[in-house]
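What follows is chain A paired twice: with chain B in the first complex and chain C in the second.
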Partner chain A sequence: MKPLLSVNNLSVAYAGGRIKEALKNASFKLYKGEILGIVGESGSGKTTLASSILNILPSGTKKEGEVIFEGRNILKMNDKELRNIRGNRISIVFQEPAASFNPVLTVGYHFLEFMGKNSAMNKRENKGRIIEDLLRKSGIYDTKRVLKSYPHELSGGQLQRAMIALAISSNPDILIADEPTSSLDVTVESQIVNLLLELRKELGFTILFITHNLGLVKVLCNRVVFLYRGEVKEITDTKSLFLRPKHESTKVFINDYLRLVS
Partner chain B sequence: MNIVETKGLKKYFKRKKQLIKAVDGVDIFIKKKQVTALVGESGCGKTTLAKTLLGFYNADGGRIILEDKDITRIRENYSFVRERIQIVFQNPSLSIDPRYTVFRTLLETLRVFKKVSIEMAKGTIIDFLNKAGLDETCLYLYPHQLSGGQAQRVSIARALINNPRVVILDEPTSNLDVSTTVKIIDLLAELKDKESLSYFFISHNLKLIAKVADYIFVMYYGKIVECGPKDILYRNPLHPYTKLLIEASEYKLKSAYIQGKSKEGCVFRGRCAIEKPHCEVEPEAKEVEPGHFVFCHYI
Partner chain C sequence: MTAIFAGFFSPYRYDDGDIAYRWAPPAKLHFINVQKKIFRPYVYGYKVKVDRYYRRVYSEDRSRIYPVKLFVKGFRYKIFGIFSVNRHLFGTQGTRIYLLGADLKGRDILSRLIYGARISLSIGLIGVTISFVIGIIVGGISGYFGGWADNITMRIVEMMMMVPGFYLMLALRASFPPDFSSAQVYFLIVVILSFIGWASIARVIRGMALSLKEREFVLAAKAIGLSNFKIIMRHILPHTFSYAVVAVFLSIPGYIIGEAALSLLGLGIQEPQASWGNMLALAQGIVNIKLYPWVLTPGVIIVITTSCFNIIGEALRDVLDPKRKVFQ
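Our next item is the complex of A and B:
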């Protein structure tokens, strides 16, 4: 089967800073329809990986290797080509919903601006209805109020739902979820996770799920890429990750987790 | 034996002329040499309760009893309380002064209760750093030079340095990695036995609570809705809210409920699946099993 996205020998080094190499020679493939977990401790390079897939790393960052999407290397694309990919074919939901919205703009403005950037959607009429539908799909029912609200007026759960609505508005092929629930409450977390699953069923996008929470991996992911200090240590299906972790660092990680929950 | 007890403890805030009942008539107890846990979602009043116990806030009603002494008017009993109750906060990088070295942070804490020279203090400080799993190389580091786990260990050393009897742990690991969490939890368990401490463990992580706690209180919008010994509570959760939390911790909760509290009667009314007419009256505690209390009319 042909992969939807393949990351080949990707190395990323930030300019300055203490950690020089955030990713070393990472390779993996993402297939259509699956939920692939990117798992590792903080500082293992998970978010760097997500950022390089969208090519949103800060300027001055050294990048080697390639991220191939539909036969072309995202790392080599120009701004115009990237606009076609970012938030369009590949969307992302970040960890901190409050930090992903512009605090001085209403939630509704974000939707309009985003749709304005997307020519196909900009042409469509009755945008208002489309936006409200999206929000309802994402579990927000008082749409009018939410669209008029500023980010600080909404709860973390509502903002994350709005963020998901924004991310799926372009009907993306890939949704990158970068620890989308780690700043949320347990009850909200459970809802957001189930929302993602439902939306995936309905819209058929592929999920790249970044997390350090193995409990979530267990219920959500088909396959797992385990990162340790910037290196891919193990790529396996979820079941074998828990039953037969191969690499030493994976074993430690799994054991720590099991000790906390059992 | 209870080392700390509250009776109908209340703490209200006023926001925009609205009265927010953050802690509304709470009876809890912290058992000696055990881990008593408090579970609930964010905004349910967990931290307010902890801060009221420590005297960061004055209680608006009810009583707090520490070692059989009424300490409700904490400002009159400051040193008595602080010598016995200490706290470890959620975010170590926010709870340690960024301008102080580790040594100065601990020195200042130590000198609150003991008049000691710097040389004498140094020995004690190193001793407590070791207990918290750090060594003297950390002494002259600033908080930003420490990792999250190390900073939390400094917080723990700071909480223990005056030999308290009770330590309040306010989500001590929710900012940490899995592997760091394991180490901190192990450390806390070890210190509890060594120093014969009682813990009041605040968390929203039910899996972690299941691991560490002896007795659990479940809180919802300022009220305790269910409490019981850990094994009983997990085997037989009765209150709809406890069930919901457990469901959520297994990622099985799907529905988008309306968050909020009802004005009268049972606090959980607006969100409860079994809402019936009786719920307009505030439920009282029912002891369903020894030590297992539920605040619900329909159990």
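Our next item is the complex of A and C:
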């Protein structure tokens, strides 16, 4: 089967950073319809990986290797081509919902701004209704109030739901979820995860799920990429990750997790 | 307000002088009419004697009372260039009223102050607007993009800041022909002042943009595919506005003083147009100050105005910057 997205020998080094290389020779493939987990401890390069797929790394960062999406290398695209992919074909949900909204603009403005970028969406007349439908799909029911609110007036769970609504609004092929629940409490966490699963069933996007929470990996992911200090140590299906971890660092990580849980 | 409706507030035109009244001292405003025992402001006319040093010595001519009337008819002027009106806030009939004295051509200093406020204040406001627009845009762009664009703009900014402002101003003025019409000179001064002013603003805004672009919502805006222009305009620059508002108020005095300095040296606004700077030029000689101390009033007005803008700026900073309050 042809992969939807393939990352080949990707190395990333931040300019002037203390760590020499945030990613070393990382390669993996993402297939249509699956939920691929990217797992690793803090600082193992998970978020760097997510940012390089969208090519939103800060300027001056050294990048090598390629990220192939539909036969083209995202790292070599020009601004216009990138804008067509970002948000439209590949969306991202960030870790900290409160920080990913601009504090001086209302939540509704973010939606309008995003739709304004998209001329096809901009032409539709009932923009307000579309946005409200999106929010309702994402489990926000007092849509009018939420759209008028500023980010600080809403809870983290609500903001993350709004963020997901924004991310799926253009019906993307891939949704990158960069630790979408790590700043939320457990109840909200399970709600958000269920929401992602429901939306996926309805819209059929592929999820790249980045997390350090093995419990979530267990229930959510089909396959797992295990990152350790910027290197891909293991790519396997979820079951065998827990039953037969091959690499030493994977074993340590899983044992630590199991000890914590029991 | 007073500056906008200058025609209404000033009893005379800025270039309307009567040589017979040159160097007339400020008129004393009397309030109570002793004979009739009523409250009504009035002034006496001037009596002129030429003393043995050929100086004009003015004294009050107590023989006749000239009541000061409100909303009197006077010279025609236009409000906003449209409505032609000839009413004035106050005035007298039969003599000239000089509440703040007259200058060497017998022109009313109060009227000229009010007309001069138009020029001095508008130069401040327009100059500050232009230099902030340039500074914010240049700073935002160079901070956001970084790299070589940032390097080039910042080197230019440093070159601008390296030259002492006043000499740069003089040099720029000197590079233009001296025989401009007053409108051209006005325009020129605005351009010169904003040309000097934008550099330091661009530098600060650049610093703020540098730190703002690392914030997650800017990353998120980028990730949903917004164009760089939109990210700068909507997500970066609005966050610098609380600084910019304060800085605007704190830098207006610089522009007013800059204009005054140029005009004082005769390089700015030319006679008979009034500006606070060229009015103050009369107070250059010690003799003038000794004999006619009222020519210093433009200086007093400049001091008051600039300190007002400073106080407003400081107050705004306290209001807009919550972080400072914690440490106080």
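Going forward, the second predicted complex is superposed on the first by the 262 of 262 C-alpha atoms of A that agree within 3 Å, B and C clash if a C-alpha of one lies under 4 Å from a C-alpha of the other, contacts with A are read in each partner's own complex, and residues count from 1 in each chain.
Definition applied: a contact is a pair of C-beta atoms (placed from the backbone, for glycine too) under 8 Å apart; a residue touches a chain by one contact, two chains touch by 3 or more.
This one's a predicted model, so the numbers in the text were calculated from it and none came from an experiment.
**Q** Fit or clash for chain B plus chain C once both are placed on chain A?
**A** fit
**Q** Now for A:L216: first (chain B), second (chain C), both, or neither, which partner does it touch?
**A** first
**Q** Let me test your reading of the model: by the given contact rule, A:I92 touches which partner, first (chain B), second (chain C), both or neither?
**A** Touch status of A:I92: second partner only.
**Q** On the A-aligned overlay, A:E41 touches which partner chain: chain B = first, chain C = second, or both, or neither?
**A** The answer is first: A:E41 touches chain B but not chain C.
**Q** Quick check for you: in the superposed arrangement, does A:V186 touch first (chain B), second (chain C), both or neither?
**A** Touch partner of A:V186: chain B, not chain C.
**Q** After the fit on chain A, how big is the angle at chain A between chain B and chain C, using C-alpha centres and going to the nearest 10 degrees?
**A** 90
**Q** Once the shared chain is lined up, is A:D256 touching chain B (first), chain C (second), both, or neither of them?
**A** A:D256 contacts chain B only, not chain C.
**Q** So in the superposed three-chain picture, is A:S52 touching just chain B, just chain C, both, or none of them (first/second/both/neither)?
**A** After superposition on chain A, A:S52 lies in contact with neither partner.
**Q** Using the touch definition from the top, say if A:N194 reaches chain B (first), chain C (second), both or neither.
**A** First partner only.
**Q** In the overlaid three-chain picture, find the nearest pair of C-alpha atoms across chain B and chain C and give that distance in Å.
**A** 16
**Q** Under the stated contact criterion, what part of chain B meets chain A in this complex?
**A** Touching chain A from chain B are residues 41-42, 148, 177-179, 181-182, 185, 204-208, 210-211, 244-245, 247-257, 259.
**Q** Write out the stretch or stretches of chain C touching chain A in their complex.
**A** So the residues of chain C in touch with chain A come to 145-147, 213-217, 219-228, 230, 234-235, 238-239.
**Q** Sort out for me which residues of chain A touch chain C in the complex.
**A** Spelled out, the residues of chain A in touch with chain C are 51, 54, 56, 58-60, 79, 82-88, 91-92, 94, 96, 99-105, 113-114, 117, 163, 166-167.
**Q** Residue numbers of chain A touching chain B in their complex, please.
**A** Residue positions touching the partner: 41-42, 139, 141, 155, 157, 185-187, 189-191, 193-194, 212-216, 219-220, 252-253, 256-257, 259-262.
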